[in-house]
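Submitted below is the structure of interest, expressed as structure tokens.
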Amino acid sequence: MFEDSPMATFGLIDYDQASPEVREIYDDIMRTRQVDRVNNFWKAMAHDPALLRRTWEQVKQVMAPGALDAVTKEMIYVAVSATSQCGYCIASHTAAARKAGMTQAMFAELLAVTALANATNRLASGYQVEIDPAFRTS
Amino acid sequence: MFEDSPMATFGLIDYDQASPEVREIYDDIMRTRQVDRVNNFWKAMAHDPALLRRTWEQVKQVMAPGALDAVTKEMIYVAVSATSQCGYCIASHTAAARKAGMTQAMFAELLAVTALANATNRLASGYQVEIDPAFRTS
Amino acid sequence: MFEDSPMATFGLIDYDQASPEVREIYDDIMRTRQVDRVNNFWKAMAHDPALLRRTWEQVKQVMAPGALDAVTKEMIYVAVSATSQCGYCIASHTAAARKAGMTQAMFAELLAVTALANATNRLASGYQVEIDPAFRTS
Amino acid sequence: MFEDSPMATFGLIDYDQASPEVREIYDDIMRTRQVDRVNNFWKAMAHDPALLRRTWEQVKQVMAPGALDAVTKEMIYVAVSATSQCGYCIASHTAAARKAGMTQAMFAELLAVTALANATNRLASGYQVEIDPAFRTS
Amino acid sequence: MFEDSPMATFGLIDYDQASPEVREIYDDIMRTRQVDRVNNFWKAMAHDPALLRRTWEQVKQVMAPGALDAVTKEMIYVAVSATSQCGYCIASHTAAARKAGMTQAMFAELLAVTALANATNRLASGYQVEIDPAFRTS
Amino acid sequence: MFEDSPMATFGLIDYDQASPEVREIYDDIMRTRQVDRVNNFWKAMAHDPALLRRTWEQVKQVMAPGALDAVTKEMIYVAVSATSQCGYCIASHTAAARKAGMTQAMFAELLAVTALANATNRLASGYQVEIDPAFRTS
């Protein structure tokens, strides 16, 4: 019935099937994000509890507001994911960015910058442009 | 003498050598950015005045503050350029972002998000995670 | 019902729902390409009329026959899109290239070159090959 | 003295140092291309004669004129290499394309298409555009 | 009925429809791999028998156990495919790696390394880190 | 004097200039790896001690021998870095892999697989090959 859609390599581990260690991480994800379910991403990682924990700890630490606010961080995530062509990540972080306050106008500008950067990245490499000495000063 | 460094494919066109059409664009770049020189990128594009004009018009339009401010746009540019591995673009847009107000702390968080997104982009694809139906609602 | 297929982030804007500004661009796309519908790509961009116009003007200008003919340009588009892994772009520009005259034999050679270039791109970087001085002369 | 420039991982094998098996391939490269030296790429591969032979046979077969002519093939190579950000490959295949007849105007259009395709590759993925049913028909 | 799923550009060539030349390659694939069907990948390449033969000969030669064993080679294939975001290749080579003996624990570590490398690839480029002279000695 | 070579964005922090927190991490890196210096990569990250610590902890955890041995992990790192075109990472992890026991023959096969995978990644996407149902079973 799902032959058209990809399926996570070892399947998804739902809360009910999860070990206590995995449940504890799921609980922390839901508590931190104030949601009542965890995304498929975490359910697919849960086969490797060490990876699940390490990835979640990192996401929690890196994506928390700091010198940059949450919506800016989510938008950077979308820009990278669109550049890398990761369909799952584009879908999930576009949703996260909108939840964090990204308007349609902000999304449009985000993608316009992403597209422009990808274009000029290839003009600069294609024309073999030398780095200006002025950019070197640290 | 420069055999170790790349050289722009058809060389760089300095202001003095430039045609009136190219000079006019150089003047607009310097005026808009309030600087007294144009970067090598533009000098390498100047062999194709139509490309130079089109690219500059696009940069001017897309990078102007709008729903997103200038420093956020420059940071997205850096995130994309680091993902694409474009050395020239990383150097030039890091300089531009700093000029637009990016602090060292902001830069550190920007790169931390960029690195994390590149990592999870491959976890999501590698584990073949299905997109959650919840992300589908437009 | 469509949970297996991606859906454009803010949905697609059909001709009937479109603003006069968007319709004008749709009309120009259909007139220029001599077709009676616009692709989903344009319908997804239409939420940002400035992006829609800028992207279309650029496509119209860049893809028009010049020093390179239309089919060569479409084939270069396919080579880039296959390298970037953009499913939508591979599908749409393969269709466009075939319409512009690309035969099955031309497609096969196009992809063979694309595959070979992607392979040697990694051999050259992986072996850390120094650029030959002979390639430096501009 | 060369600490700024990358050096091929196991060094370069010059003709004089090469084994008879490697020399035979070098000879075939020089004969086929009607040149009197082989590029660093081949000298770096020569540590693995089986790879050297396999890669050269493939290049000779794939890059020979067929349904596409030599200059079109070299231009596709440049488009892929600029997209992948392979500095060596951009330098070497730009040189090869020019030798095969690529003019400055053709190069400019080639890079304009490459940049545009890289941009729209990210607009299509970023907006999560669904593939038009019309593109599906094989 | 399959409008949601991509379809190979020129369709798939099944054994029954295949020319004698293609059948011979299919037979060699099935014999070498000790399976009774060929994957869609080969059926899609079969429109270009020269490409089919060249690609298969290369796969057979490169993927055979040598200095590296089969499962290590298949895991490297998965790491590259996840980095490139090639859905088909991730699916097919994860299956091949498991058949060659990759356990779930090995897969988890493989993806953890792949994710980490993709992250640090962008930290190194983003921070514009100079190559240590100590890495230069060939 | 170094205008041809990239310089780390905020410079490198040597042991003598480092804060006690950074020195402690440098000490752990040198102790764990049994070396008497830390690479430029760590010296460039040291401007952000939290990133330095998090990245090092992750590298230490992920790269330690487990279901995969150290040399296999370093080779996967090289395969990813060559695919991403990260010059620094190719140089540093090729050195690390050799130190962990990678022979020249293993390196040659590693790169041959990396090149082949990058090629077939684009054949599979370019031909729009559908995933075989047989790969779906988790």
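Structure notes:
The chains carry the letters A, B, C, D, E and F, assigned in the order they are written, with residues numbered from 1 in each.
The working rule: a contact is a pair of C-beta atoms (placed from the backbone, for glycine too) under 8 Å apart; a residue touches a chain by one contact, two chains touch by 3 or more.
Here the structure is a predicted model, which is why all the values come from computation and not from measurement.
Under the contact definition, chain A and chain D share the contacting chains B, C, E, F. With centres computed as the average of Cα coordinates, no chain lies farther from chain F than C. Rounded to whole angstrom, the centroid-to-centroid distance between chain E and chain F, based on C-alpha atoms, equals 21 Å. For the pair chain B and chain F, the distance between C-alpha centroids works out to 25 Å. Taken residue by residue, chain F touches two or more other chains at 2, 4-10, 51, 55, 58, 83-87, 91, 94, 105, 108, 111-112, 114-116, 118-123, 125-128, 131, 136, whereas all remaining positions touch fewer.
The touch graph of the protein chains shown is complete. Chain F meets chain A in the complex at residues 2-3, 6-11, 50, 54, 58, 61, 131, 133, 136, 138. The residues of chain E lying in touch with chain A in their complex are 2, 4-5, 85, 87, 91, 94, 104-105, 107-108, 111-112, 115. Residues 3-6, 9-10, 47-48, 51, 54-55, 84-86 of chain C are the ones that touch chain A when the two sit in their complex.
Contact residues on chain A toward chain B in their complex (touch as defined above): 5-10, 12, 37, 39-41, 44-45, 51, 55, 58-59, 62-63, 66-68, 72-73, 75-77, 79-81, 83-84, 86-89, 91-95, 103, 105-106, 108-110, 112-114, 116-132, 134-136. Contact residues of chain C toward chain F in the complex are 78, 82-83, 85, 87, 90-91, 94, 111, 114-116, 118-123, 125-128.
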